[in-house]
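Labels for the chains are A, B, C and D, by order of writing; each one numbers its residues from 1.
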Amino acid sequence: MPNILEINNLSLSFGGVKALQDVSFRVPENAVTTVIGPNGAGKTSLFNCISGFYKPQQGTIRYQGDVLAGIKPPARAAMGLARTFQNIALFRGMTVLDNIKLGAHVHMKSGLLGSLAYFGATRREEMAVRRDVEKHIIDFLEIDHIRRQSVASLSYGLQKRVELARALAMRPKVLMLDEPVAGMNREEKEDMARFILDIREEWGVTVLMVEHDMSMVMDISDHIAVLNFGRVITEGLPAEVQNNPEVIEAYLGTSDMDSLRKKLNPEREVA
Amino acid sequence: MFKNILSKGRRLAGVGSIAAALVVASPAMAQDKEPIVFGGSIPLSGVFAFAGVHIHAGLTDYTSWINSQGGINGHPVKYVMEDTGYEVDRSVAAFKKITGSNTVPVYYGDSTGFMKTIASELNSRGTTLMSGASFATALTDNEQYPYQFVPGPNYTQMFGIILEYIATQGKDGDMPTVAFVYSDTEFGKDPIENGKAKAAEMGIKVVEEIVTKPGSVDVSAEVLKLRRARPDFVVFHGYVLSPINEFMVQMRQMGLDTQFMGTFWSSDKLIINKMGADADGYMGVMPYNYYDSPESGPMLDALRAQAEKSDPDAGYRPTGYIQGWFNAMVWTEVIKRTMDAGKELTADNMAESLASIKDWDTGGIIGIPVTVHDMSFPVGRIWRVNAKEARYEPVSDWIHLD
Amino acid sequence: MDWLFFGEISLAGLAMGGLYALIGLGFVIIYKATRVINFAIGEIMMFAAYLFLTFAGGMEMSPWVALPLAVLGGSVLGGVIEKVMIRPMLGESPIAVVMVTIGIASILVGLVELVWGADPQLLPGFLPRKPVFIGEMYLAPKIAYGFLIGAALLIVYLLYFRFSRGGVALRATASDQAAAYSMGINVRRVFNMAWVFGSLAASLAGVLVAATGGLSPQFGAIGLSVLVVVIVGGLDSIVGALIAGVFIGWLETVAGAYLGGEYRMPATFAVLAVILVLRPYGLFGTHEIERV
Amino acid sequence: MRIGDAKQSYEADEAIWTSSTQKIWFACFLLALAVFPFMADAYFLYMGCLVGIAVISTTGLNILTGFTGLISLGQAGFMGVGGYTVAWMSINTELPFPITLLFAGLLAAAVGILVGLPSLRVKGLYLAIATLAGSVFLHFIFAEWESVTGGMGGLSLEPAHFFGFTFQSDFRMYFIIVPLAVLMVLGAKNVFRTRTGRAFIAIRDRDISAEILGINLLRYKLMSFALSSFYAGVAGGLFAYFYRVVTPESFPLSMSIFYLAAVIVGGMGNLLGGILGAAFMTLIPEALGLLTAALTPFYPNAPIFMSPMLEIIFGALIVGFLIFEPHGLAEIWHRIRRFFSLWPFRN
């Protein structure tokens, strides 16, 4: 499996605080890769580097073989790097539908004059996006009943789903999900896991995810990278990672294997 | 703390009661003739209110007085006004409102800005002659503003009168030097270019020129400049009070014996009231006699009697009052002349009547007979503050520019 | 070049700048503690100056009684404004809060006109009138003494914030509200205190400025110069306010003297524009790191 | 919530008026606008024109401040650019009003872009100060560039004309101002049905996320500045044609604050709110004037209190709306409408 994204020796610091140190790992194409690690390990900073919002002091990010350095965030979005945010970043002044349509922004062309007149090409483009969004995204994510609502009125779980919808409207090659199931109940988590797997399979999209919920991570990930104190401890298949003593150390500050298994696999233990 | 409200309230209460009496009185005059309407955009509130309330009183009292004299050729006079807050858009709204529901041959405008703004409408209507609070030089341009006049000398002419006075004050045959201090406004900049030209023509050297914002500003740097330039005279224009006081006090503290002078709106008694002893020696150009000047004349006496009658407690009446009265006087004269000539009260006819005014006796409001030149009355006199007596006293003869 | 003249002009400008620094300090105190940009600061100054006018003029008190009373009145006004109109806006967007202060400015102008009328006023003179010479350089006495009084308060303030308990609470709140709260500091009291102290500095400056330049309901326009001062210095920097205050006062005066009065504002705003481009958060302000 | 508005097509669903009732109401409104000048006297006609100009400018500022979240204290300056452009062109060229107004808008838009440039680096209040600096410089240019602007005395201009037809009366100006206001509001409405408008709102709500989602912040911020200033420029041009004189004092800082207040009182980020706010704020002094006139016979010093009261009311409206009704008049309007859409069946 070729790697769509390769991170090499990435370092980032803010005024002396080292957020990332010499981070390297790979994201295989059309797979689900998950970055795990304790809070403050630098996961979101890593996402921000890939998005282009933070500029790492050292290292490179290769996307489809090309180095991303110097490319601004909007251009990266246009290249197929879409994402969701840890603290839901929906636009509260817009309806669900408009939020999703906004995702299609980078693939639209109409300019200011067309917008003012809402005529001809602009109108056709808007209609095409609407149809596309309705058919492929709203139906797929089962959110047709809320499309006219303002996002502020939605439950947390639904907001996460709308954010996913918006990311999908960006027609991503790599979909970066920052804690997609945090704060959800079990049913919602299962829905989200199903959506993520479907997206990978049906849409052929690579998924790069940050998540704390270990049972979900272990269930749907093809590849896992573990971050601690801004460094990659290890990467590999879920099973490999699960048994790595350094990971255990990082998570629990102990090498007690039993309690780690409990932590990483709570539900299986019960079952 | 509420002294101000109370004093103002009382002042206006007098005005109000007269206005109410007016409404009752006019039908009793038993004249069947159409009333003639004096319209007005009056700044009863806002930054110009200190003058506006007195202008209003002057116009109101004149209206009462002329009606008591039988009106204009038997037509009663009605004064219709709106408060503008000294805002151009509200002045225009007032004009539209008043002219919409009355036939208005003459109208009082409250600012240069308003008068310039309304000019195009005035020109296309051709029904109304206008004067008001502004003495702007531009308004005496007959091409652009054929239906507007100034009720005295325009600001350029005021500078002319001041310069004529200054020219007589040279010692040992030397011409005195002068500095102009003016505000960074349309009002302030109005006469400066012409004033400099006139000074050059007369051989008076303008040694310094200072622009400031009007109102509360620190002028110590400007005072330092004047200390270097050492002008014999400083002429202020475009201010009401501040920063004139600060210039005077600081320059005197430096031991300079400069004479300070100002134009119409800077020559009100406000200066004496607020500055007290510091105002002593300040000079202003004024086309009218002050309310408390020792001169007399039939019209000036009538004005004083009417003022006394309408508000016995008011005492002294500021220049705004006389300015309002004089505007109405000119309107009356113009309307009378037009009617006497058997012509309709159109703006053209009235402007023609105005231009025909020659050696007109104003009954003591202005000390000498006046002649209209280019829609202005280019006459005035230099007055000097006697702080002890708290009044202005004349220091020159009446100067009539040609 | 006439160096004596330049020296005199500069001196006058620096003295005026001292008052700007004082107002700037008042502004920064409020901003640091509460993150509110107070567009009404000029009007608070005006209010205090009118109070002084009433106490010293209308009621004929000694100016040295009237001055503290007026300043006290101004600071009480600041406290009331905070309690009644700023506190309900806690947590709203900064733009909304700024607009509230603009609204407050308008209300204050109206109130002043209602109570004291629209006429221009002069404050009763209370500062010595004997000219001050520093070497050969002349300095207008009002400005010199105004500067001295202002500087005295400035020093008292700086000492207070450095050493007193209230000052420590204020600084703690300024650097981290949540932490200050968890340490048992009454953050709401600190907010109110900041408004009171900030308005106090502004009020004193208001009386002193009005004493040199006169007073009218348009007086609050001086707030624009103060905005330039605090933006150039950095909104949350006391040192910035002091240095920028003196500098802007000097620049305004020198530009007015050499270029003409119409250049005072453009000159300082040109400096402002340059600062916004080169150091967007002012000479000494802190730039907060943004997070997603 | 409205019922019975299920749509057959996405086109119908995306329309501005989604029900026939709405269409009828809008038609009635247009008809009323068209009939108004034939019924109104000079005074109401004048106020109608003023409201029209205010609606255009407020809508422009709403795009920038209400929808894009960029606070501007430069609106009066941009209007001034438009006003002077129209004045200069009408004096120095023979061009008809559609051309001069277009130029007024374009030049104002260019200046708007220039003033908006710092928005790349600074935001929020620092940006507001930058726009304030812009308006100080503009005022300085208006006052000092005498050969073009006529200095403090300003410029007087000829009436608007088009193919030999001149618009010298308020009655005729009404037929320029009001249709233009309707068109420009509809244009703004269209913008917010498309990607451009969505980008503006996204920048307002969360600019950093918007950038990561593919929106070029600088480009859209400047676009918002340009569009907003274009509206201001056209409004300023109409102002010039309407009063036929422009001076530096025609466009004071207080005018910028007036328009900000109109946006806030009407409802930030709501086009209907902008319209309501513009009308409301323009008419308040007049309403107060009527009240004063009514009171004067009983309280002769009522006029003395009017101007201060106006300042106080102006300020209190800003403060009051921000504290108690941050969504402005638009929200009040919607509440009334919701009430009546079910009335009398509810309760």
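Here is the rule we go by: a contact is a pair of C-beta atoms (placed from the backbone, for glycine too) under 8 Å apart; a residue touches a chain by one contact, two chains touch by 3 or more.
Since this is a predicted model, take the numbers as computed values, not measurements.
Trainee: Hey, what chains does subunit B share as contacts with subunit D?
Mentor: Touching subunit B as well as subunit D, we find C.
Trainee: State which chain is most central when centres are taken as means of Cα atoms.
Mentor: Central by C-alpha mean position: chain D.
Trainee: Based on mean C-alpha positions, I'd like to know which chain lies farthest from subunit A.
Mentor: Greatest centre separation from subunit A goes to chain B.
Trainee: List the centre-to-centre spacing of subunit A and subunit C in whole Å, with centres computed as mean CA coordinates.
Mentor: 49
Trainee: Can you give the whole-Å distance between the Cα centres of subunit B and subunit C?
Mentor: Averaging C-alpha atoms per chain gives centres 38 Å apart.
Trainee: Using mean CA coordinates as chain centres, what's the subunit A-subunit B distance in Å?
Mentor: Between these chains, centre-to-centre, one finds 75 Å.
Trainee: By the touch rule stated above, which residues of subunit A touch at least two different other chains?
Mentor: In subunit A, 53, 85, 89 touch at least two other chains.
Trainee: Two-or-more-chain contact residues of subunit B, please, as numbers and ranges.
Mentor: 5, 8, 45-46, 49, 184
Trainee: Residue numbers in subunit D touching 2 or more other chains?
Mentor: 143, 208-209, 212, 305, 307-308, 310
Trainee: Once bound in the complex, which stretches of subunit A touch subunit D?
Mentor: Interface residues on the subunit A side: 51-53, 72-74, 77-78, 82-83, 85, 89, 91-94, 98, 101-106, 108, 110-112, 114-118, 122, 126-127, 130-131, 134, 166, 170.
Trainee: Give every residue of subunit D touching subunit B within the complex, in rising order.
Mentor: Against subunit B, the touching part of subunit D is residues 41-43, 45-47, 50, 143, 151-154, 156, 159, 168-170, 243-245, 247-250, 285-286, 289, 292-293, 296-297, 300-301, 303-308, 310.
Trainee: For the complex, which residues does subunit C have touching subunit B?
Mentor: Residue list for subunit C touching subunit B: 2, 5, 8-9, 12-13, 15-16, 54, 58, 113-122, 129-131, 138-141, 143, 209-210, 212-219, 222, 253-254, 256-257, 260-262, 264.
Trainee: Give the list of subunit D residues in touch with subunit C in this complex.
Mentor: Those in contact with subunit C are residues 65, 69, 71, 118, 121-122, 124-126, 128-130, 132-133, 136-137, 140, 143-144, 208-209, 212, 257, 260-261, 264, 305, 307-319, 322-323, 326.
Trainee: Taking the touch rule as given, give the residues of subunit C at its contact with subunit D in the complex, in rising order.
Mentor: 37, 85, 88-89, 92, 94-96, 98-100, 102-114, 118, 224, 227, 231, 235, 262, 265-266, 269-270, 272-273, 276-277, 280-281, 290, 292
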